[in-house]
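One chain, chain A, appears in both complexes that follow, with chain B as partner in the first and chain C in the second.
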Partner chain A sequence: MSLRYLARRLASAAITILLIVILNFVLFRMMPGSPERILLGRIPNVSGEVVAATRERWGLDKPLFPDQFVAYLAATAQGDLGFSYGARGRPVTDVLLQKLGPTLLLFGLGELIAIVLGLALGAYSGWRRGGVLDHLGNGLSLILYSTPYFLLGMALLLIFATGLGWFPTFGIDTVGRVYSGPLDQIADIGFHLALPLATVALGLVGQYSILMRSSIVETLSEDYITTARAKGLTEGRVLRTHAIPNALLPAVTLIAINLGYVVAGAITVEVVFNWPGLGTLTVDALSSRDFPVLQGVFLLLSVGVVLANLVADLTYGILDPRVRT
Partner chain B sequence: MTQTPDEIRGRRQWPLPKLADPAAPLLEVRDLKTHFRLERGWVRAVDGVSFSLADGEALGLAGESGCGKTTTALSLVRLLPSNGRIRGGSVELFGIDLVPKSERAMQRYRWREISIVFQGAMNALNPVIRVADQIAEPIRHRLGQSDTAAKRRAAELLDLVGIPRKRLGAYPHELSGGMRQRAMIAMALACDPAIVIGDEPTTALDVMVQAQILLLLEQLRRDLGLSLILITHDLSVIAETCDRVLIMYAGKVAEEGPVERVFREPRHPYTRKLLGAFPNIHADRRTLEVIPGQPPDLLDPPTGCRFAPRCPFVMPVCSEVDPPEVRFDDGVRVACHLFPSSDEVSGASPATPTAAGEDAA
Partner chain C sequence: MRSPLTRRVRPMLAAMLLLAPTLIMAGGAKAQDQLVLRVGTDQKLETLNPWQSITYADYEMFSIQYELLVSFDINLEPAPGFADSWSTSADSKTHTFHIREGMKWSDGEPATCEDARYTYQFVLDVLASDDGYVGSGYLEPYLSSAGLESVECDDAGNLIATTSYPTTLLTQAYVPILPEHIWSQYSQQEISDATAEGYFANEPPVVGSGPYHAVEWVPGESIRMERNPNYWGTPGVPDQIVFQTFESVDTMVQALRSGELDYVRGTGADQFDALATEPNIRVAEGYANGYTYLSFNTRATEDGYGGSTSALEDQAFRDALGYAIDRQTLVDRVLNGHGVPGTTHVPPYHVDWHVEPDNPRTFDLAEANRRLDAAGYARGDDGRRVDKDGKPIVLRLTWPDSEDHSADAQFIQGWFEQIGIGVDAAVTEEGALLELLPGPEYDDGYNADWDFYMWGWGGDPDPNSLLGLFTTDQIPQAVNDCFYSDPRYDELNTLQQQATDEATRKEYVDEMQQLFYDAACYHVLYYDSELHAMRTDKFTGWTNQPPDTGVPLFGFGYPGYMLLQDASAVPTEGPPTAAPTAGESPGTSPTPSAAPAGAGGGVDSTVLLVGALVVIAVVGGGFLLMRRRRPAEEEE
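Let's turn to the complex of A and B:
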């Protein structure tokens, strides 16, 4: 990968993030409902002076442009995303950081499992096209692919938590439990993680497997595969050193695009399992019109998608010599 | 400088395969039938082709598009598309029949004994692997040499085909078409095979580069004593580089023999049409698609001679009976009813038949 390619990717990611920051500002100012009404929502019969004072305190009396906008940009650049209207005025950054961990744990791990499993399954069934595992895997992949997260999550929840009682029904850990040590805590979290993680991984594995399968099938019809076979290499080596590296190229791109949609999935899965992550935070913030938190969540998720795409671009640059110029 | 077969076989760096018969010819293809399965039936792409190849010999394979040249070549190493099957005949290498071999056993013969230079090296080389590594790959995995030894040999081979040292780390897309084809040739030589097949190795290259690649092949053949099967649409290429020529029509051999004989005195009406399309073999490089009419549908080929619908000499017997192959004293073999397989005719120099319509050629 050349420095030029790296620089170009980085610059394009930076510009995208800047645009997201701007869009985030514009979008939330266009939303209905005035912020001071929400701020003072619980206090009945507020006087005009109180409203004015509140507006002043939160900087809402200043014009949107340039004052509010510039203040917003400056604060955002310093990682200051304002204060939550709800949560007793805690800084949004604190709220986000607290919820980021569980979401990263759930979706990072879920994506990883789905990618490894899906690509392996897809590569194998594409290679053994028409075989038993191909038919089985293809059918299962299609079913999983077309099942919405909440359905999958509810099914797992009903069977393994409510029904069989093997796993807890909600949360990230047992409320009020005192841990005997870090291992104990990890075990408890793992126990709570199992079902939501299975939901995320199963929901994604079908897509990745279908994707990789068609990519492998297409790659196997390429001339250089015939060349590799003509060299007398074993089928396994043809697959590993010639077919898979080429078949991964479209897979990397599509996985990156897919990461954007994962956000939608995050919300449903977290709500189903009451997982204390960004998804549940979003739903809570939406229902209480906690604009600063919502704004923060959207900013964080969009930046996350941009970064994921950057990683994909760089991975692509490493895998495919043709883009290194 | 011509080498005798003994010297050439002595040049082999690797022992002959265990089952080899040292007295057997290098390659002997007998009555090869390779068909493709379609829903409507079998496409008889290669339907009873026989030929042999001696050590150090270059055989040219020519014929219109779709006559089965590539299928014949792929049958030799059994690399057919998934719907293709060898349904009859034998392919004997050093007297070992490759047709009944298991896939595993077949792998041992590929590239070490028979390698292929495919058409258009753009797609025949893996785009994400360095060219030198692709050349080193069979040396390492087929000959079991160390990584460094394989790399060194790959560099030597690139030298041999005229690719500058500094391009050693290049990826396929960083090389020109001609360079890629040179790299492909270097790769084909990696395991020092007994036979190299070139399937239209120069198509898709411009004329200057074509000439260079052909010169390279010719030179390598002389220096290394390779046995070559060269598939091409271009008869002038065969005239320049090959010892013998095999003209195929619709999955069958029309005529086969020494290049000087076939080109000087073509016997099969199809060969004559082809050559008629090349008034001067050396000056005019036109393709073969100049004969009026279409080759037959190989799903349901006509009975008798497959050339009959287009043949200016067609006789009643032609569409009834398969023309038998007749061998002449000068080493030419022809499958055409104009040359009956009775003893009085075979051996004698046959009278040149004439018919209305031939002068058009």
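Let's turn to the complex of A and C:
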């Protein structure tokens, strides 16, 4: 991979992030309503002076440009995303960090399971195209792919939590439970994780399997596969060493893009299982017009996507010599 | 060469297969010796600093952890709190509170009159400061409206409070008594401003004097409380109380059904009806201490105001509109019956204070038409009425996006159309609406550019705060948003605040309700119910506060928690329906008498969802199989 290629990718990612930061500022200043009224709510006995003091306290009394804009850029660069209205003035960075872990756990694991299962299923379906597993697998993949998360999640919740009582309905752990050891605690979290994780994995598995299947099918008509077979390699060997590595390229793109969204999570899964992650936070920030938090979430999400794309580009460079320049 | 994919996949799959049953088994074996009361709420648990309280959930958190000077019992009557007895001088301006002897804070420090004095003096200092308020600004008015002037402790451990006028409101003051040895370390700024350096968030373990105190807090998510070992009264039965926030009410209700929660605050109307038929679950429908209203811009075309027609300024016009609102239909259709049609601005929750007006406006479109004709609003050629400036009347109706009033708006639009009044209905973002409402008295640049709008108010155990919203001096504060101004009302408000005899005060309060009703500045649409639900197989003794019209928890003070009993410890004598329990109280309770049609929605939705998924799977799968068959055959 040439240095020039690397430098170009990095520069373009940096510019994108800067543009996002600027867009973020503009977008949230265009929202209706004034933040200080939201801050104060409908407090009886609030005088104009108090409103003015609030504006000053939150820096809303200065002109949007350049004062507020410059202050915003400087603060963002230092990782200071302001204070959350909804969390009564806690720093947005704290709020985001608190929620980031659970989301990464849920979606990191969910992606991993979906990738492994999806790619394996897709590869096998494509390989045995027209077989029983292909029909079942492909049909199931399409159904799962097209089922909204909240529906899938609610169904799992109603069946396995409320109905059968096998799993808890909500949260990441049992609040107030005294653990006998770290293993006990991990087990409790795993127990709470099961249903949301199943929802995420099932929801994503279809995408990967469908993509991998068609990619394999395409690869199979390539000359080098015929050559491999002509060399007398076993079918399994042809699949593993010749078909799959070549068919993986589009999957890498999809994985990279999806990894970017890991941060955003599937908002609805988190809400259904009351999972204390960024998705739940986003819904709540939206409904309480917590603009600083929303702004932080947007920033985190878009930076995540940009970085994931950067990783995809770089991985491409390694995997496919044709894009190295 | 083996592919890297297979090399990694196999151990991972193996690990997952091995891990899964272990997790399920380990998680399933729950070892819980402690009796934990688990409470779900739709409101976020964002603060443990009482001065920052805004929501019902915030108030509940400090109500359990701290004593009020005088608390509330299950009937909402004054009850011993931080003080065990109290008396008032003959002129009702000097109030003596005897602080209970031998009390300790949860950290073992003595709890004395000094703590009460510190807390009240802190409020007085806040009121005298430049800011004039602390934190969210919700608690100080309890003392300022009582006219508190000074507090001191005498040698006998009594708190002596002096007020500038005679009052009984001090026993209603909803201000938690805080431990001086903790809070006096912080400045007003550090207590008030959450973004300030050194802000005091009152992190757990909270030092309090109430029956339970917070020991664990995940901001926005959950608060866990343990028994306060130094609580002065009989300890509560639950060893712990866990409060948990839910983003989705559906999930919260499912958690109650599965037994992971014992109590939920804020179910939706359909979930409530479904829960009513579930075994081991009891529902409680309480009068809300508040109301939903229509407010009119009564200074519509006055100088500096932005209303669309002068008709809004005419009491006769607004009065006539009141006959074109079918409040019962709104309750039935919008609230699924979980509410009471509205009349005056003191809701029936205040059993002792609410009065029905002498001349209620009952739904009668003919009467509305007759009154509009009589008031001189004739219909134009197109059937639309014109105002006295000759302009067709089309009123703009709005409401905040934080509440769903679109159904109410549609009904009102339909009725008003029939009396020749056009209505343009549209929702407004809450912050924008708050900006829109005030008139020029509030501040430069405000011009009340609206005609009429919907929202709600909530009150305290005492009707004082609800009454005080509509005095003339609240217009520049942007609280009195219909610009109601009547010197008699203002005078009565002062009189009722200072009345020390309940019968006399009731006369004033009655007259205020009638005056405000007659002015037709607000049309109170309905008093929507509080919908709560609880399990009866873990705890019994759920008692409404007040018994006839309230709900067991999220009331005032903490009596509901102290009456709970361990269901497994109660000798089984039929269904565990102890004396005055929730949801089945007779008389004025708006509780639905029987499960209405459409009940069982919880079960139905399960079946529906699963059924839908099966159907999708079968149809989708079959379709795919059929489509796939042909090319597959060709390939063979």
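Note that in this section the second predicted complex is superposed on the first by the 312 of 325 C-alpha atoms of A that agree within 3 Å, B and C clash if a C-alpha of one lies under 4 Å from a C-alpha of the other, contacts with A are read in each partner's own complex, and residues count from 1 in each chain.
Note that in this section a contact is a pair of C-beta atoms (placed from the backbone, for glycine too) under 8 Å apart; a residue touches a chain by one contact, two chains touch by 3 or more.
None of the values given here were measured: they were computed from a predicted structure.
Clash-free side-by-side placement of chain B and chain C is the outcome of superposition onto chain A. In the overlay built on the shared chain, the residue A:R322 is in contact with chain B alone; chain C does not reach it.
Chain A has more of its residues touched by C than by the other of chain B and chain C. When both complexes are overlaid on chain A, the residue A:G171 reaches chain C alone and has no touch with chain B. Shared-chain residue A:Y224: touches chain B; no touch with chain C. After overlaying the two complexes on the shared chain, residue contacts for A:R90 are found with chain C alone; chain B is out of touch. In the superposed pair of complexes, A:L6 makes contact with neither chain B nor chain C.
By the touch criterion defined above, A:T280 lies against chain C but remains apart from chain B after alignment on the C-alpha atoms of chain A.
Look at A:L233: by the touch rule set out above, it reaches chain B but stays clear of chain C. After overlaying the two complexes on the shared chain, residue contacts for A:P245 are found with chain B and with chain C alike.
In the superposition on chain A, no contact is made by A:I17 with either chain B or chain C. Once both complexes are placed on a shared chain A, the shortest Cα to Cα gap between chain B and chain C comes to 6 Å. Shared interface residues of chain A (contacting chain B in one complex, chain C in the other): 241, 245.
Of all residues in chain A, those touching chain C in their complex are 31-35, 37-38, 40-48, 50-51, 53, 57-58, 83, 86-90, 95, 98, 112-113, 116, 119-120, 129-130, 134-136, 138-140, 142-143, 147, 151, 154-155, 157-159, 161-163, 165-171, 174-177, 180, 183-184, 187-188, 190-192, 194, 240-241, 244-245, 248, 270-274, 276, 280-281, 283-284, 287, 289.
Chain A contributes residues 222-224, 226-234, 237, 241-242, 245-246, 249, 319-322 to its touches with chain B in the complex. Considering their complex, residues 1-3, 5-6, 9, 12-13, 16, 19-20, 22-24, 26-28, 30-32, 34, 36, 44, 46-47, 52, 54, 131-133, 136-138, 141, 193-195, 199, 216, 218-222, 224, 240, 242, 244, 246-248, 250-252, 254-255, 257-260, 402, 428-435, 442-443, 465, 468-469, 474, 476-479, 605-606, 609-610, 612-613, 616-617, 620-621, 624-625, 628, 631-633, 635-636 of chain C touch chain A. Contact residues on chain B toward chain A in their complex (touch as defined above): 77, 79, 107-112, 115-116, 118, 120, 123-130, 137-138, 141-142, 171, 173, 187.
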